[in-house]
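One chain, chain A, appears in both complexes that follow, with chain B as partner in the first and chain C in the second.
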Partner chain A sequence: MYLAPALVVLGGLLGYPIYQLGLISLFHYTQAQVSGGEATTFEGLGNYARLFGDEQFWQVLLATVVFAAACVVCTLAVGCALAVLLTRVRAVPRLALMLAGLGAWATPAVTGSTVWLFLFDADFGPVNRVLGLGDHSWTYGRFSAFLLVLLEVVWCSFPFVMVTVYAGIRAVPSEVLEAASLDGASQWRIWRSVLAPMLRPILVVVTIQSVIWDFKVFTQIYVMTGGGGIAGQNLVLNVYAYQQAFASSQYSLGAAIGVVMLLILLAVTLVYLRLLRRQGEEL
Partner chain B sequence: MTLVSRDGEPRVKPVRRSVRRPGRLAAETAALLTAAVVAFPLYWMVLSAFKPAGEIESTEPRPWTLAPSLDSFRRVFGQQEFGRYFLNSVVVAVAVVVASALIAFLAATAVTRFRFRLRTTLLIMFLVAQMVPVEALTIPLFFVMRDLGQLNTLWSLILPHIAFSLPFAIWMLRGFVKGVPQALEEAAYIDGASRARFLWQILFPLVLPGLVATSVFSFISTWNDFLFAKSFIISDISQSTLPMALLVFYKPDEPDWGGVMAASTVMTIPVLVFFVLVQRRLVSGLGGAVKD
Partner chain C sequence: MKLSARLVAAAAVLATAAACAPQTSGTSSSDKDEKSGTLRVWLFQEVNNKPKEQVVDSVLAEFEKAHKDTEVTVEYIPVETRAQRIKAAFNDPKSAPDLIEYGNTDTAGYVKDGGLADVTEEFADWSEAKDTDPTARQSVTVDGKVYGAPYFVGVRALYYRTDVFDELGLDVPKTQAELISTAKEIHAAKPELYGIAVGGAYTYGAMPFIWAHGGELATGKGGSYASAIDSADARKGIEAYTSLFGDDNCPAAKCAGMGGNDTVTAFASGKAAMAIGGDFSHAAVEAGKVKGKYAVVPLPGVEAGSIAPAFAGGNNLGVLKSTAHRTLAVDLMERLASKKAQGALFEGMGFLPTFSDVREQVAAKESFVKPFVETLAADTKFVPASPAWAQIDSSLVLPTMFQEVVSGKKGVDAAARDAAEKMNAAFGSAG
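This part shows the complex of A and B:
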């Protein structure tokens, strides 16, 4: 009974659209069909065949995976390092770092993207001035554009890792850490041999969350590279699907890409469940 | 057990305060420096919003301004119906936060307190639902909203956002509900409390820190969204939300940086206020959620 509202909402607005997404991906569906001008024709797996035969799709897929992996690694490294740092400082620097982090976290993706773009702007941005790069354009090159987006993504997502891991470290009995440091363990050694194993459940959660979020990065790419960069060089799957559907009116192709993404993330979820189960956690 | 004590404050242990640490000065310097770097983009945003037009479009950007001006803000607020957009954003965000918190609370209680068939399957479904890429579902959701006749209304934004924030909220709240001892529930029933009374007067206050933590997520994702606003509010501009107002100033070839920064500031401040208000509960909340 308590479940009823949740099930109605999720069934109607998540389950049913997913079913429709799958359905659309099997049909030939463009602007003409949306407006009712032409009848929809069943294509079977034709859209998928076209997709897999397209070289750009594989390129985008590779870029997505590499980009998401880089984002996750950087976010986790920065977040964990700062969480450890937080435990070693007094209240004032801790509050400063915490507030700065929360500020970055709270910043809406759209505004974060535009602000970072402005910081790195070729003509008016302070970064180029400080680095003495002249009017070097960060969004022109494929690699540097991805790097810029990566910086923004890490900036706005490391606070979640930092706050969560910090909360986790606080829960570790301080005697354990004291004993380790009395035994002469270095900070890195304490992290690797004491904290990391004790925080494993938390680390698994933040890692998986990061994977999910970074794999689905949309707004940052869309805004910062102007919808996928020059000649689509900065496309990731999510933006690619959106462009196919709404810019080129290839709704069924866009839907097919959506299904592919869904399947990849499903695989990640299965790994997550495996890890949870291996820790013996009961669902 | 959770980290959270009865009054919702984290049980803070004095962290090795007595031990004199030689590296502390270095650590504190590093912390302050990092804080400065992290806060810099926000500082620059607010600064640029107040800079007069000549200074923004200067090739010698300075980290201060001697002649703060409200021109950019005037342009933002002078934009037609900006207040309306702001109000719409607030209405949508509040509706989503309240509705998804209540629904998620009930659902989380159900999946932790009752055993029933398909319970595990349901939990896995909630987890999988989190992975669904929102953007991919824009296409089918558009058709759903059209069939419901809700295009161009705020409902077309509220309903999908409730659906997208629910799975994560349920998944996180689960840990909190689990942390409330079963004995408490039994004691309440023995004292003659009805099921509803236990739910709202005992369980609800106890998991409130968790609800706050999850609300942060649903609030942010709703407040940030511009894709749904862009796709579902197609002809009735008066139903549009803030991100759309921001994008008016952002044209790829010739962005009005002053306007963008001022609009960004206006859009970011409510979220910052919200965050600072819940900051304490957020830290304890996240700690409680991930520690079963």
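This part shows the complex of A and C:
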């Protein structure tokens, strides 16, 4: 019963919107229905049928999954590597690295995206000038545009991983690390066999966080590829949902996409937790 | 303990489930028709809004003199957020204005949303309405009924650099084939310039090419449109427009993503020898580097001497269905969109009047509008008067098609077929 107040708050803040989302996704609900120009009709799973019948949805879904996976892997790799680096450098460089990381973290996504876009601008960007690429356009090709967005996403989300993992490493007793290096373990070996297993709960949290963030990426794609790139080649699920739901006022279809995203994220998280549990200890 | 927690949760779910349908607001038309009180008007905030305010204020002064105990409050809303504002007004009739300005491609969508009042009778009785040009009239008409008064029109024509043409000894193109070859000639002679700046996302700049070749966006009327973008004629137009993208004119890597403003900016900053710009782009070009070094002609058609049909953009005024002052609001609409007010609006803002006769008068006074008025007089076309158009527009069906062709992802036939499929799906679902 002590849980009751928390449950009520959770139910109100989390349950009700999800319930509304699910409900809207079952109706034919566009601007005409919202403003009362036409009656709302129940469509059952009609929106989902339309969505799953749409070839573009599957392409976008695939692109989103691959893109999010790449972002998560890169973010974790960069974040963990820098966290280890932080423990091995002196105070001043450590402070500098921390501040740089926090700066990137604190930069609003729109600002960050605009700055990155400018760095890689075809006509005025310093990157092209330094690399001597002339007026090469980074946002024209599908993969180079995705790469550009990936760099920005990694840049603005690695500090969270870095700071969290760094805190975790600090909590590892130094005797353990000392013992490992006395046994002649390499830096990689120490990470692989000592730090990673001990930091597991932390790594689980940052991985799930990153998966959720990167799967839902919106601002970076929207700003950097101008709402989905040339001929929609850089669309991800969230931008696609926005295009369908708000720009085209097809709220019910947008809601259906939202429900599908929610289910995918839930499934990914559950499977991941399950796998970890099977491997060994409780979290 | 655990059980009771679950009970609470179940109870919460049940309580919310009681309200079992998404919300709607009833914008059934208001029965009231009060003859006094406060009227609320929303007009668009233009870049340089002062002259517009002066024109509107003088109309309001007369209006308030004619109707005792009435007051009008005008709010200038930002163009970027107009869609949300107007949707919100439809959703909440209590805080909605009585009269709004809206983009003429939105007419059918707003009618379907149940937002605009049918003013067919009042429009027919309005003495000045007979001089409204046919395309402008079409832009307020849905299924034979009139939902507002045209406020101004906007149309695009060909801007070109007189200094570049003189230097290279070129003639102003008279056909679209000449336009394309001239553009490539310029780019070959001056690689730092785009021959003509074009954009893969510049739908309204591309349409004249489709129309000039005899193609249409869609055929049909009222509730039953069918896409015609994949017809043989339309495909020729797509072919012609997309042939302008490439290293011999406007490199695809840069131009595929450009929209209308980007092409005008490129021209104004001296990076292009030609561009398709509107009468409303005049100020931006004047403010750029090319001031005094350019001229404007109507965009040529396929035959020598013909003018490519242009898209007749512009804004309308409309009375909201939910207004409690219908008679007053209609009267104010007619006054704001009157010949006199539109003439004054042209003087102040450069917006072209929707009345053919007023337009000719102003063209005689201001030479820069001549090519635009000629274009309007030749032939103008409008987007399908279907609520599906808003959906087609916002889901970027046509830009996607052009970009697919330009970037070599698909051939013209395949891209046009896919676009037609998407358009038909939208026509089917939105009616």
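In the analysis below, the second predicted complex is superposed on the first by the 255 of 283 C-alpha atoms of A that agree within 3 Å, B and C clash if a C-alpha of one lies under 4 Å from a C-alpha of the other, contacts with A are read in each partner's own complex, and residues count from 1 in each chain.
Criterion: a contact is a pair of C-beta atoms (placed from the backbone, for glycine too) under 8 Å apart; a residue touches a chain by one contact, two chains touch by 3 or more.
No experiment lies behind these values; they were computed from the predicted model shown.
Of the two partner chains, neither chain B nor chain C is touched by A:L45. When the two complexes are overlaid on their common chain A, residue A:A231 makes contact with chain C while staying clear of chain B. In the overlay built on the shared chain, the residue A:Y16 is in contact with chain B and with chain C. By the document's definition of touching, both partners, chain B and chain C, reach A:L3. In the superposition on chain A, contact is made by A:Q250 with chain C only, not with chain B.
Using the contact criterion defined above for the overlaid structures, shared-chain residue A:G101 touches chain B, although it does not reach chain C. Of the two partner chains placed by superposition, only chain B is touched by A:E178; chain C is not.
Looking at the superposed arrangement, the partner reaching more residues of chain A, out of chain B and chain C, is B. By the touch criterion defined above, A:T87 reaches chain B but does not reach chain C.
In the superposition on chain A, A:Y140 makes contact with chain C only, while chain B stays out of contact range.
Judged by the document's definition of touching, chain A residues 1-3, 12, 16, 20, 24, 226 lie at the interface with chain B and also at the interface with chain C. Listed in rising order, the residues of chain A touching chain B in the complex are 1-3, 5-6, 9-10, 12-14, 16-18, 20-21, 24, 82, 85-90, 93-94, 96-112, 114-116, 118-119, 121, 123-126, 129, 155, 163-164, 166-168, 170-171, 173-174, 177-178, 181, 187, 201-202, 205-206, 212, 216, 218-219, 223, 226, 238-239, 241-242, 245-246, 251, 254-255, 257-259, 261-262, 265-266, 268-269, 272-273, 281, 283. On the side of chain B, the complex with chain A involves touching residues 3, 10, 12-16, 19, 21, 23-24, 27-28, 30-32, 34-36, 38-39, 41-42, 44-45, 48, 56-61, 63, 102-104, 106-107, 109-111, 119-120, 122-124, 127-141, 143-144, 159-160, 162-164, 166-167, 170, 220, 223-224, 226-227, 231, 243, 246-247, 250, 252, 255, 257, 260-261, 263-264, 267-268, 271-272, 274-276, 279, 282-284, 286-287, 290-292. By the touch criterion stated above, chain C contacts chain A in their complex at residues 1, 4-5, 8-9, 12-13, 16-17, 20-28, 87, 90-91, 109, 112-115, 200-201, 252-254, 256-257, 387, 390-391, 394-396, 399-400, 403-404, 406-407, 409, 430. Within the complex formed with chain C, the chain A residues making contact are 1-4, 7-8, 11-12, 15-16, 19-20, 23-24, 27, 29-38, 40, 122, 135-137, 139-140, 226-233, 243-244, 247-250.
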